[in-house]
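What follows is chain A paired twice: with chain B in the first complex and chain C in the second.
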Partner chain A sequence: MSFGTYLLRRMLHIIPALVGLSILIFLLSRVVPGDPARLALGPDATPEQVRQLRQEMGLDKPLLTQYVLYVGGLFRGDFGFSLRTRRNVAQDIREFLPATVELTTVAMLFAVAVGLPLGVLAAVHKDRGADHVSRLLALGGVALPRFWLAILLQLVFAYYLGILPTIGRGPAPPVRITGLFLLDSLLVLNIPSFLVALKHIILPAVALSLGSLAQITRLVRANMIEEMRRDYALAARSYGLPERLIIFKYVLKNAFSSALTVIGLSYGFLLGNAFLVETVFAWPGLAFYGVDSLLFKDLNAVVGVTIVVGAAFAVVNLLVDIAYGYLDPRIRYEA
Partner chain B sequence: MAAVATGMEELHAPRREEWRRAWHRFRASTLSLVGLGIILAMAGAAVLAPVIAPHPDHAGAFVDFTNTFRPPGRAYLFGTDDIGRDVLSRVIYGARISLSIGAVVLAIALVIGVTLGLIAGYWTGWWSSLIMRLTDVFLAIPSIVLALAVTAVLKPNLTNAMIAIAFTWWPWYTRLVYGEVLSVKQEVYVEASRSVGASPWRVAFREILPNIWSPVIVKLTLDMGFVILVETGLSFLGLGAQPPTPAWGTMIAEGRIYMPGNWWLATFPGLAIFIAVLGFNLLGDGLRDVFDVQIEQWRGGA
Partner chain C sequence: MLVLTALLVLPGQVLSQAPITFNYIEQQIITASDPAAAVDESSLIAAINLYDPLLYPNVEQGSMAPRPHLAESWTLSPDGRVYTFTLRRGVKFHSGRDLTAADVVFSMDRALRLKKGFSWVWTPVLEPGAIKAVDPYTVRMELKQAYAPFLGSLLLFFILDKDLVMSNIRPGPYGEFGDYGTAFLERADAGSGPYKMERFDRATEMVMARFDGYWRGWKPNQISRVSFKTVTEEATVKTLLLSGQADMVNQWLTVQGFRELRQAAGIVVKEDPSVQLFHLEMNTKKPPLDNVKVRQAIAYAFDYDIAIQQIFEGATKARGPVPVRVPGWNSNLPVFARNTAKARQLLAESGVPASALSIEYAYVVTLPLERQVGLLLKNNLEAIGFKVEIRGEPWARIVDLATKAETTPHITAIFDTLKYPHVDSHTYGMYHPSCWGTFRCMSFYENPKVTQTLEAARRATKPEEQMRLYQAAQAMIVADAPSIYVANPLHRIAFRDYVKGYRYVGLLGFDVAYYDFTIVK
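Now for the complex of A and B:
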């Protein structure tokens, strides 16, 4: 199978799951006890007003029609009306999404940037100091509640030491291009603004990334140890190639490509935990918006956020699969 | 009939021997024993909470305005909260909530997940692929996000948080059991049972099911920790247990308001979550090595 065909097949693969997800979430939002229209208008509304709003919201139509209308809307970028912000949910999502994309991306990069070398170090120094440290970190990283870690980091670095900001993203850079503060300030070479954004993102990103970091460390370690025992590594060693070259040029590439899938899946952890970490740091992202909508029972917003998160998760895993298929051609034939 | 009975006894003896050997292997790992110790201590604390908590009455809606915000000390080991309740007692009672939620969620997930997995794996047909496609849909989204969406349509309370988490959790068991069933379906003992005329139900539930328990048990142990993480997260967001219930997540949410001065309010319940999850992870890792099973531990939301 060529790489192109593989790519296409993978892309087609996520469609049924996303359609299923949209049906599931849609049904959930329609079995809500109590009438969404009544909820929106409050207890003082007359039955006539409720009936009119139901008609406007399309709630008087059969469920299937409602779903088709809803999905049609999704494709036109219409996610329905938010009861809380009084705007189209799509507009809200566009506003809040970049903050979450920025946070989860930085957290993921941090997890890979630290977890990868740590895993290599642990594998090379198996059963010695560095390995024990990485093991402790991995055990702790998975078990730490992310929101609690966020609070502790906030307490120590923001309140006690006062070296990092407590909450928020800081002021927006003067020009909005992507909505990602770090990127936007870099694009116009605004270094002070970049540093401000960086200072704000450090604590939430570290709190968010620890679990993924721990997983990546353990997995890279395990894969490295397995790969180092393979024949090709042995052969390279018997040829007298320097150990450093064997590890970094041959072993690491194979160990990393099999760790990739987990990196993709662990992006789900990040998205899920972003709901907690964003709340602690008042990070104005999608999760923060989603939690507020939840507490307000703003169903269109909840459905919109859930579908966007599902889509983001699917896209990241697709990208990972593509990278995996590129790095390891065998995968293309198995698929 | 007598011959059958002797056969059963012969079967049981090696099984006991197997357990004894498993325990030996388990005991060899210090970390597994630490995990087991943590879980036993936590279960003990949960059961004996009214006896061992210094102030059992502080678990609920107790108020003592003369004792608010006492820092940790001899009288109150973990300090007191904004209305004078002993944090230690509340943390001990919190173990009850987290453990029982974990148990109920996993019991529901287990019954639904295992049944569907068994059906999908043993009887092939359109419903089999329907079940598996359904699990794809559920796994296409981080479980905590789906649980949040479910709580949105329900009233925020402990029971509904349990329902929401269980709703997102069963597909993992369906997947696991499905894979296991496929791998043992062609084994000789299954064939043998089928050839002597056992009904499909008997083969599925009496022959296959008992032989695929070990990965399920390992997964259950590890999942206890993950469910506790998700449940405390929901409670932290105000979508699970409500005050004055001494749930760990709720306590952290309430204590956070009084930061940074009263650090102990959010710190100790968080520490309890950490230790509990660590305990289940260590125990699960130990069991996995003992049973020698490979299961994917990477999940979407916990």
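Now for the complex of A and C:
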């Protein structure tokens, strides 16, 4: 099978997954107790006001009709009206998604940039000081609750030391291109704006990344140890190849492929689960928006966020599959 | 000499002429920047600072009673139906245009047609078209009938710049008025208030800047710029105030959170009796609570002292449905206190067999305090032979359950804040059958004499007569025990000690009027 065919097949798999997801979340959001119209209007709304809003939202129509209308709207870029923000959910998503994408991307870059070398270091120095330290860090990273760590970082670096901001993303760069403050600043070569955005993202990104960082470290360490015991590594050593070459060119490449799965899954997971960190740092992201909408029973927002996060998850997994195919050609031919 | 005079007049204070930025933290987003849709605290704060209501609470006298504001004076016809307001001249909108009667007429018609926000208070007596501009500075409102809470409700009636709104309408369901400017008002303001909206990012911040042309003028040390930030996490809110990055934080922190802040240097935690009622609504349509003696027995079995001292920490004990600081509260009401012997006697008199004394208590699952009250109630009631099942429910579910008597639990824990500055809110609004189906009326209380008295009170034209009837209704209601009236909790708010001028009169949002604050460092 050619790489193109492999890619096409993987992309086609996304469609039924998203259709299934949309049906599931649409149904679930409608069976959760509580009348969204009554909640939106406040407890003092008269029955007539509630009836009018239900009509405006189409909640008086049969469930199937509601679903068909909703999906029809999706194709026109209309995600429905948000009861909470009183505008189209698509507009909300456009506003909130970049903040989460930026936070998650920086967090994942940090996790990979630190976790990968830490895992290699631990494997190479197995059962020695560096290994113990990295295992302790990994254990802490997995065990510490993110929100607690976020508050701790905030207290130390923002309150006591006062070197990093406590909340928010900072002022938006003068020109909005992607909505990612770091990227937009770089694209227009606005270095002061870039530095301000960087200062704001450090604490939330570190707090968000530690769980993934720990997982990557542990996985890379375990895989590296296993790979280093394999015949090809022994053969390379017996040929007298330099240890650095064996580790970074041969062993790491094989050890990294399974870590790639974790990176892909973590990225998708963080997109939808960054809300605790977003809450602590008042980070105006999609995860926070999604949870807030769920508590308020803002139906269209809940469905919209779920579909977007689901789509992002699917795209990230597709990218991981592509990377797999690149790292291990056997995969694309077996698929 | 001038310097010397200033020092003598203001000992220990330094007048700051530089622009003063004020950072206020609220834990909920501004859900509506359109004042006609505002109902929650954050939205009301935005409305109060960007717009002017027709009347204003008399905060200077520490009262919620209405005083002149945009309306300088008013008259009422002898039949209590026709209000004629004389508007203040020289009031300018942020657009620079003069505020006139046409804007008042437009704003009320718009509120009545949109049917959002507090319009439900006016819809029983007003229809679009019933408000007329007699001349550019006189407005006449013709009510269908006399309506006691009307004047007070006008504190929540904010005036919009008609021309600005109409020049920004989009196609919508209101005919020639299109969308009535609803989309426009989500990103801009059309008010005459002390502050102009400079920037609004719904999820994070609203920035307001002082309106130099404000009709009440400006004095030194007042706030020139406001950053209204939304931060939901309590730990972060506290950090911001402690570090000086925030000047004031909202009332929604926990009691524990305020206790911590009170111990910090440079921070004031202000406590006032609120106009909120915490009560346990008893479903009078559901056996065995359809028997008045059973309800009275429950009211005597409950341990109010423990609830007040250990759960509500400093709250005032509720005496009837009306919070004690609301004008019109009946101070002669009988006060229930725990009396197990009397409770047993009432149960015996009720004739209800012991096997039927099984009830359920519902509370909002996210409020641990309500669960504690439930446990106390269970303990108290089981001592006199009841079986009590405690059930936590999401708020959305409670609102749903409240729509019918059959689905409403036997007892439900409810916090109920005064909706408009009138005793009517906690009498007619809770015990007239017209409110059945909402969380405020989960008792499904029905007493023809009370209904008649409340209707007569609303229609009464003389304030003394109104109050007499509302107080009589309170006495009858308490005798029927449709609720266990537990507490009027404290209202708390925290700010840096250099913030002066904070005043709480019980009305949601009016205490955070930035115009009233000065900064004296």
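Heads up, the rule we're going with is that the second predicted complex is superposed on the first by the 305 of 335 C-alpha atoms of A that agree within 3 Å, B and C clash if a C-alpha of one lies under 4 Å from a C-alpha of the other, contacts with A are read in each partner's own complex, and residues count from 1 in each chain.
Note that in this section a contact is a pair of C-beta atoms (placed from the backbone, for glycine too) under 8 Å apart; a residue touches a chain by one contact, two chains touch by 3 or more.
Values in this document were obtained by computation on a predicted structure and should not be read as measured data.
When the two complexes are overlaid on their common chain A, residue A:Ile151 makes contact with chain B and with chain C alike. After overlaying the two complexes on the shared chain, residue contacts for A:Lys297 are found with chain B and with chain C alike. Of the two partner chains placed by superposition, chain B and chain C are both touched by A:Tyr159.
Of the two partner chains placed by superposition, A:Leu234 touches none, neither chain B nor chain C.
Legend: residue contacts after superposition of the two complexes on their common chain; A:Thr279 is shown touching both chain B and chain C. Of the two partner chains placed around the shared chain by superposition, chain C is the only one that A:Leu41 touches, whereas chain B remains out of contact. In the superposed pair of complexes, A:Phe269 makes contact with chain B only, with no contact to chain C. When the shared chain is aligned, chain B comes close enough to touch A:Ile25, but chain C does not. Of the two partner chains, neither chain B nor chain C is touched by A:Ala113. Touched residues of chain A, counted separately for chain B and chain C, are more numerous for B. Across the superposed pair, chain B and chain C both touch chain A at residues 32-33, 147, 151, 154-155, 159, 279-280, 297. Residues 29, 31-32, 37, 39-40, 115-116, 118-120, 123, 182-183, 186, 201-205, 229-233, 235-236, 239-240, 242-243, 245, 394-397, 399-400, 419, 437-440 of chain C touch chain A in their complex.
Across the interface of their complex, chain C is touched by residues 32-35, 38-39, 41-49, 52, 84-87, 95-96, 147, 151, 154-155, 158-159, 162, 166-169, 279-282, 284, 288-289, 292, 297 of chain A.
The touching residues of chain A, when paired with chain B in their complex, are 14, 16-18, 20-21, 23-25, 28-29, 31-33, 139-140, 142-148, 151-152, 154-155, 159-160, 215, 262, 265-266, 268-269, 271-273, 275-276, 279-280, 290-291, 293-295, 297, 299, 302-303, 306, 309-310, 313-314.
Residue ranges of chain B in contact with chain A, taken from their complex: 133-134, 136-146, 148-154, 225, 229, 232-233, 236-239, 252, 256, 259-260, 263, 266-267, 270, 273-274, 277-278, 281-282, 298-302.
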